[in-house]
Amino acid sequence: MPFASAARAAGREFISNPVAPMFSPEIVATAVLNGLLTGAVYALVALGLTLVYGVLHIINFAHGALLTAAMFAVLVLKLWLGLDPYVAMVPLVPLFFIIGYALQRFVIGPASHGNDANILLVTLGLSILIENLLLAIFRSDTRTIDVPYAFMSIDLDFALLALPRVIAFGVSVVVAAALWALLALTDTGKAIRAVAKEKLGAALVGIDVAHVYAVTFGLGTACLAVAACLLMPTFYVSPRAGGAFVFVAFTIVVLGGMGSIPGALIGGLFIGVVESLSGLYFGESLGQIGIFAIFIAILLFRPTGLFGARA
Amino acid sequence: MLRVEHVTRRFGGLVAVNDVSLTVAPGRITGLIGPNGAGKTTLFAVIAGFVAPSAGRVLLDDIDVTAEPPHRRAVRGIARTFQVVQPFAGLTVRENIAVGAHLRHRARAEALCRAEAIAAEVGLSAALDEPAAGLTVAGRKRLELARALATEPRLLLLDEVLAGLNPSEIRDMIPVVRGLRDRGITILMVEHVMQAVMALSEHIYVLAEGRLIAEGAPETVARDARVIEAYLGHGAAARLDRARAGHG
Amino acid sequence: MSRVAAYLPIAAVVALAAVVPLVVTSNTVINFLVFTLIVAVAAQGWNLLGGYGGQYSFGHAAFFGTGAYVTALLQTQAGWNPWATVLLGILAGAAVGAVIGFLSFRSGLRGSYFALITLAFAEVFRILANAAGITGGAAGVLIRLDVRPENFQFASRGTFFWVGLAVVAIGLVLTRAIERSRFGAHLVAVRENEDAARALGVDPLRVKLLAITLSAGLTAASGGLYAQYFLFLDAGIAYGAWISVEALVAPIIGGIGTVFGPLVGAVVLQGLGHLTGHLAGEIPGISLVVFGALLILAVAFAPDGATGMAGRLWRRWRRPATPTTTPTATGGERC
C-alpha cells in the first residue's frame, strides 16, 4: 500500500545485498515499528467500517470515497485558509459526522427500503458518485501539502521514526479509546449497543432506530475525518486514494471480526506490520497482492472462526 | 417407512434432541407433540436433512440417508413445510408451486400445469397469479403445503401447518390433511394445536426437553401422566387425579 | 405464452436494430452504438447471476478481462485465429467464473461478502496482469491491424455493429430460454429463498455454479468483442472497475432480472453518459457521476428499472380506469 512505501523506500537504502534479502535486526525492527504506526491509522479507518457493520449490519462501500473526500477537505482547508491538518480536525470531525448522519438518514436509509441488497447498491452508488465528483473537481493529479514538521523524526537509537506517523499512532489510539468510552459509558452508546443487539426490542422501548443508525454512520464517517487529518502531513491524495485504504480496511474488519472494535484495532496493527514486512521482503506489487490474498483466504477458509456473524 | 434411530443433536452445551428413536408407518398420520422448546423442530430439521445429527441415523425405507443433503432427500420423496413460512416472496403463487413441481417435471409448461392442479387441491386457485408476498397467514400456510405436495412426496413432514390459524381456518385445513393421507401420502406432523393433532393422528410421539417421553394412540397419550406433567408442570397429573377422584 | 410469442419481441428488437447501420452513416454514432452493445453483453452476463440468481457480483471485470486477454494474447503470442481465440476466451472466462463461484459458494458467501470477494478477485487479476510479462504489463497489448473478416477485423464499423448485435441476440435468447426452463425456476427460487428451495429438491450450489459459469462466459464474450474492436488492452481496461460498474448498473437501471433490462440499461447509461459529456464538456469522471446517481435513484424510485417503469406507464395509458390487473403470467397454456 502507498502509505508504507515511504518507509520501504527508506528501508531500501540500507539494503546491502538486494539479491538475497537478509536484513539486519535494526531494519526489521524499523519495519515492524513503522508497520505498527501505519496499522494504527488503518485501524482507525477499519474502526469506522466495523462500527457501522456492527450496528447497521451493512458493509459501507462508500467508506473509501468518504475518506478521499475528507482528505481533499484537509487539502482545501490548508490551501485556502492555511489551516494546519491537525487543527483541521476541529471543523472537519463535526462536519463529517453531520455528512455521515445526513447520508444515512436522508439517502441510504430511505433509498434502500430496508433491504440489505439495496443498501449494498446504494453505498456502491455513493462511492462511484463521490469518487468521480472529486475526480471531476480536482482531476486525477496526486497532491500533497507542505507542513514544517513533515520530515521531523524521533530517534530511538535503533530506529528513526517519522514524527507525523508517531502523532498519527497516538491520536488513533486516543480516538479508539474515546469511541470505546462513548459506547460503553454514555446513554447514546447504550442506545447504539441496544440497536446493534436487538433492533426491534430497542424500537419497542422507544429508541429512535433511524436516528441511532444515522448517529452510528456519522461516528464512522467522523473516524475518517480524523484519519484524513492524520494522513495528510505525510501522504498524498488523489481521487482514488481512499480506495487503496478501504480494501485494507475490509481485510482488517474481516480478520478482526465483523463489528468487533478490539478486532479492528488488533487487526489494523497486524495488517500494518504484515504489509510493512511483506513490502520489505517481496517488493511493492507483490506486497499489494498480499492484502488481497489474506482477504480472500480468510473469507473462503476461516469464515466462522474469525468473525462474529455472517450475513 | 421412516426410522429415526438414537438421534442426538447438541448445540454447544445444549442438547436439543437427546437419543430419540421413532418410526413412521406408511400410509398413516403420525403426530409429534411436546411443549415449547422440546426439540420438535430440531428433530424435524434432522429428518429433512437441514441439520446434521450429532449422533444417530435417519433411515428412509431402510436406506441410511443421514449424510444426504435436503435436496437429495427431496428426490427420495421427503417433503417438508416450514414452521415459519418461507415463500418465494417475489414470485406468484403459481410460480411458487411450480418450483416444487419441477422436481418431477422438467418441462416448464408441465410444471405450471401441475401447480394449477395442486393449488385447486389446497384451495388456492383464486390466488394463483397473486404475488406470494400478498397472501394472508392462512394462505401462506396453504402455499407451504402446496409447494411440498408439488414435489409428489411419499413422506410429508408438516411443521405446525395449523399454528397461527383461527378455529375456522383450522376446521378448513383438517380435511385437506386427511385427504392427503387418503391419497396414500405418509404424514409426520409437528403440532402445537392439541385438539387438531389428536383428531388427525393415528399414532403420537411426545417429546419433552429433547427426550421421547411417551408414544401410542392419541387417547393413551392424552391420559399419560408424564405427558400431562410435561405440559402442565410438576405435580399436575396427581392434582388432576385427585380432582377426578373427588368428582367421582 | 407460446414459444413463438416468447421469442417474437427479441426477433423484432434485433431486426429493428439491424437496420441502424443502413440508416446511420455517422462513424461517431456507430462507434457509440458498438460500445453500447459491448457493454450490453457484459450486462447480460451480470444479469444472469445478479438479476435471476440474486448474487450481486462487484467484480465481473474478472471475466471480461479474461475473455479480452485470452482473445488478444493467443493471437499476438501464438498466432491463432481470432474467431477461435474469442471462443477460447469465452471458455476461459466461464472457467474462471466456475472456479470463483465454486470457492465462494462452497464457503457459503452471499450478499455483501460475495460482492467483496468478487471485487477482490478482480483486483488481484488487475494487479497480476499489470505486473506479468505475458500481458505486456503496464504498457498493454496491441493486436496488429489486419483488416480481413476471417481475421475478425472489418473495414466498416457497421459490420462490427452486426457482429455485436448478433452476440446481444444470443444473450437475449439465452436469457429467455433460461427464464422458461427448470434451471431458471430453480435459479429464481434460490434468489428468493435458499432454504425453501433446498426443501423442494433444488441443489443451490449446483444452480449457482451453473449461473456464474454462464454469466462469466457471456461477460467474457463482451471482453473478446472489446479486444477485437479496439485492438488494444491494458490491465486497467481489461480488469478495471469500470466494466464491473457498467455491467452492474446497466441491468439495475434497465430492469434487473428481465430479458431486455441489460440492453435497455446499457443504452440509457451510455446515452446519458455521452449527453453529460457533451453538456458539461470533457470533464473526467463526469459520466460516472451520473452512473452513480442513476444507481441510487433506480434503487430508490424504480426498483424494476426503466423497462418496469415503461410497462407501468403503458398499462396506465391503455386502461386509465381499471386498476392494473396483470394478465395471467402463463395465459396461453392449457392443462
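Which chain is which? They are A, B and C, in the order written, and residues in each are numbered from 1.
Criterion: a contact is a pair of C-beta atoms (placed from the backbone, for glycine too) under 8 Å apart; a residue touches a chain by one contact, two chains touch by 3 or more.
As the structure is a computational prediction, the values presented were derived from the model and not from experiment.
Novice: Return the chains common to the contact lists of chain B and chain C.
Specialist: none
Novice: Among the chains in this structure, which pair is joined by the largest number of C-beta pairs in contact?
Specialist: Of all chain pairs, the one joined by the most C-beta contacts is A-C.
Novice: Mind having a look at which chain is the central one, using mean CA positions?
Specialist: Going by the distance between chain centres and the overall C-alpha centre, it is C.
Novice: Hey, which chain ends up farthest from chain A, C-alpha centres compared?
Specialist: Farthest chain from chain A, going by C-alpha centroids: B.
Novice: Roughly how far is chain B from chain C, going centre to centre by Cα mean, in whole Å?
Specialist: 44
Novice: Once you find the CA centre of chain A and the CA centre of chain B, what distance in Å lies between them?
Specialist: Whole-Å distance between the two chain centres: 50.
Novice: At what distance in angstrom does the C-alpha mean of chain C lie from that of chain A?
Specialist: So the centre of chain A lies 33 Å away from the centre of chain C.
Novice: Of all residues in chain C, which touch chain B in the complex?
Specialist: 180-182, 184-186, 188-189, 191-193, 195-204, 326, 328-330, 333, 335
Novice: Show me the residue ranges of chain A that touch chain C in the complex, using the header's touch definition.
Specialist: 58-59, 61, 107, 110-113, 116-118, 120-122, 124-136, 139-140, 239, 247, 250, 285-286, 288-289, 292-293, 295-296, 299-301, 303, 310-311
Novice: Report the residues of chain B in contact with chain C in the complex, numbered from low to high.
Specialist: Going by the criterion above, the answer is residues 48, 50, 69-71, 74-75, 79-80, 82, 86-92, 94-95, 98-100, 102-103, 106-109, 111-113, 116-117, 128-129, 147-148, 150-151.
Novice: Going by the contact rule at the top, pick out the chain C residues touching chain A in the complex.
Specialist: On the chain C side, the touching residues are 54, 56, 58, 103-104, 107-113, 115-117, 120-121, 123-124, 127-128, 130-131, 245, 248, 252, 283-286, 288-289, 291-296, 299-300, 303.
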